[in-house]
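Below you will find the structure I want to go over with you.
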């Protein structure tokens, strides 16, 4: 294992110290229980947005704390859901009197820990709603699974719900927007290599030099199929078609196309993937009206990428375009 | 001989020890069909439990200790197993809240409430390839042993043996809950890590009771 | 070699197609000779800024084309300087009548090709200046080397000179600002793994599982020393001290601290490195008044990072803070 | 027998062939003390040269062909070697601009001007571990052979042999120009890739002359 760390036990704590030093004025880091809040939290009269989950997916979620997006992020240990305590602390820290929305990726651990935290926050008089993100079409949503996972679509939900909260929507409305985005966004990912969790010390799965893992999760959970290494265009086609068929997306739709790097894939390769995805959408008469390319929801140093497609309407487009000022996503101010 | 607070303390210490010794094994199992953190999560949790449960006043009851175990697990383990084991110990401690010492009936009540708590939170059934595949046979075996009038140590040994077989029974299964469910058929041939940690904890209980 | 590409020969061309599809409205991509220009180029009455160099360092340089930064970027083949033709084409495309500044990283190939291009542009009546960036303290600047290399400090020069051009400074003034930043910025990098150039098919150097390369370049050129893997804090100390001694930076200085990822290192690790660098500067009484953390000057999928320190004054700070709108760096609009 | 346009065409074809055959070798050499692209750069350039030089009118002189080689190398090779080889062919072609055929004196004039062009752009001296370590001995050997009244083929063979020894002489050197200079002592024991490509091109010239 080759990592730029000191001690596997201190990875999250030391990185949080770095985050605090790198972004003063934008956010405040509380070391124990670990969470990150907007520098001006709580914003009175605004619905608070809290997200969180295991670390190792940076910039998710801490990189999205700030004006127009999240009010707080709760980082667990690497690839492990945070416990309820820091979620409760973050929820209290951002409550501006209009209630708090939890944005939770659909993993048993995240869901259970956020549920417990919501109960505890409610006991302290804070109104809490939750939206459970499940955009990953690689997992069948059936009685026989824990349901679809929450992956890169989370960023889009955090941005758009964050804009709704920032413009003053109430808790019901912000929750409804978040649910709406979750209903219209679909993702799927591919890995070329496996990530190595610091405390585990070895790669999360073994993969041959000529193999790729289709439908990979963001925690090194193996995907749904392993195939031989293929040209980029074929790989993009493999994951784009299940995405388009799932909603389904149709000719005439306007969409946001998001090609997300998993951490270890060079940006130049992400643009090659973006090119193919945009070409396929154009062929199907789907209009790409907004775009995002880069490493936003990562899996440590894993090489790979995911494609996310969100169906847009005027309202979602306007909320996407609204000003945002966070460490990882910024425009309009 | 009913089991008192010392038993609970010894059980916790032995559990912490067993989890720490099997940390890598649990990581490896979870790496194969999950995300490779189960050993780390449980070790972090039980290390904290061992510290926290030492801080209790001299007149604390078994239930007091078990409640501290529950809240400590909830606030340190994280992941899916944290809230599940936390709820198990919380509900279990509530089921024996009035006892100064745990007799066979109390042990069965604890185990039953613990298992029910996990099901309440996680909605898993036997055969879903989760820790429930260890807990439910353990509860059944403990109840049967208690009905036969066995000692507390024998009841817990029966529970541990049944948990062990239950864990082994997960090998051929496809998972329907937790992270392994994403894998479909590819989970076949691998043991569920949570069922193994459950076995370790129940075996620690049996050993502590035998030594009491 | 495991890459998300189609054919090694088409990597740059296909990525440029992706860039064009991902950032319409912001920039225009010319396929042949390959270069990227601001959508509104040429901006009349503004000094034009052109940079370029081998590809594989994305987002450098194409990700910095836009309002307040570069007017054009000229990507060569992977890790290979572009030829003069596209540099001339880019120079002509951005000439708004006030002359053009070339920002050139100090490599023999880049310098020679930009020189030839400048001669050709001059022959067509365009006034061209060049600033040669050489911020890398890992290389001794002596008669016995090709001189210090241009590395991550390039981004800071492009941003600050870009802001000067945007506010209307003339060619002399923009050139002077760029020279000033180059004079006050120092960098050094470390690699944990080697990059693999697509057409080469194997890693640029061999490195053991327990070794790191100190003073690495951004093209897989080996560094000046190989040592055993160390804790992150020690690695940061190893590269930060030569940086601080070189200028030298002194107690009371205000600086911009930039921790740059080389492509394959997770962001969480970059923050651990940032933490240490900020701590050391604080200990030495150097005030970190601006910060940047992320993957800006990469070397394909190489794991590693560099530290850059720029001495600030009020003017440079103001230019750094000025609005910028590019694919990879954006604030204020 | 003086060498005409067919010789130049054959030289180019043989150079392109040799560079293509040694592409990986040049990449490996450059990988060791540079950035691993020299074989790719030269192959891209000479492939283009082979195409472009075929497009010339029937009455083109050797200098016309050599000028196309120069501009094509400048606009396709990139890196350090592109402008250097481009300047070499440009200055060389200018030195023989007036000849319909190249005799021994013209060949020496070409080689000298080519070398001087590289020095003008790159400022390297013999011993700096660059392509100049092949060019300068080649120029000297060619001049000596021409002074001895040797044939064009013999002059070029002498140049190629000297370039070859010159390339070998770079092995023990520390580099003072180009990317290898960043390496300091670590460049010792490796051959400069540009001196090897220079040898290939001069050997191709000698072979073409011998076959003419």
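The first chain written gets the first letter, and so on, giving A, B, C and D; residue counts start at 1 in each chain.
What we mean here is this: a contact is a pair of C-beta atoms (placed from the backbone, for glycine too) under 8 Å apart; a residue touches a chain by one contact, two chains touch by 3 or more.
All of these numbers come straight from a predicted model, not from anything done at the bench.
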In whole angstrom, the CA-centroid distance of chain A from chain B equals 32
Gap in Å, rounded to a whole number, between the CA centres of chain D and chain A: 55
Rounded to the nearest Å, the gap between Cα centres of chain B and chain D is 76
Junction residues of chain A, two or more chains touched: 78
Multi-chain touching residues of chain D, meaning two or more other chains, are none
Is the way these chains touch best called a line, a ring, a star, complete, or other? line
All pairs of touching chains? A-B, A-C, C-D
Using the touch definition from the top, list the residues of chain A that touch chain B in their complex. 33, 54, 76-85, 107-109, 112-113, 115-116, 138-139, 143-146, 149, 197, 199-200, 202, 204-205, 217, 219-222, 224
In their shared complex, at which residues does chain C touch chain A? 2-7, 11-12, 14-19, 21-23, 55-56, 58-59, 63, 78, 192-193, 209-210, 212, 229, 231-233, 235, 259, 263-275, 278-279, 288, 291, 293, 295, 298, 300-301, 303-305, 325, 327, 330-333
Using the touch rule from the top, collect the residues of chain B that touch chain A in their complex. 27, 31, 33-37, 40-41, 44, 74-84, 86, 121-122, 174, 176-179, 181-184, 186
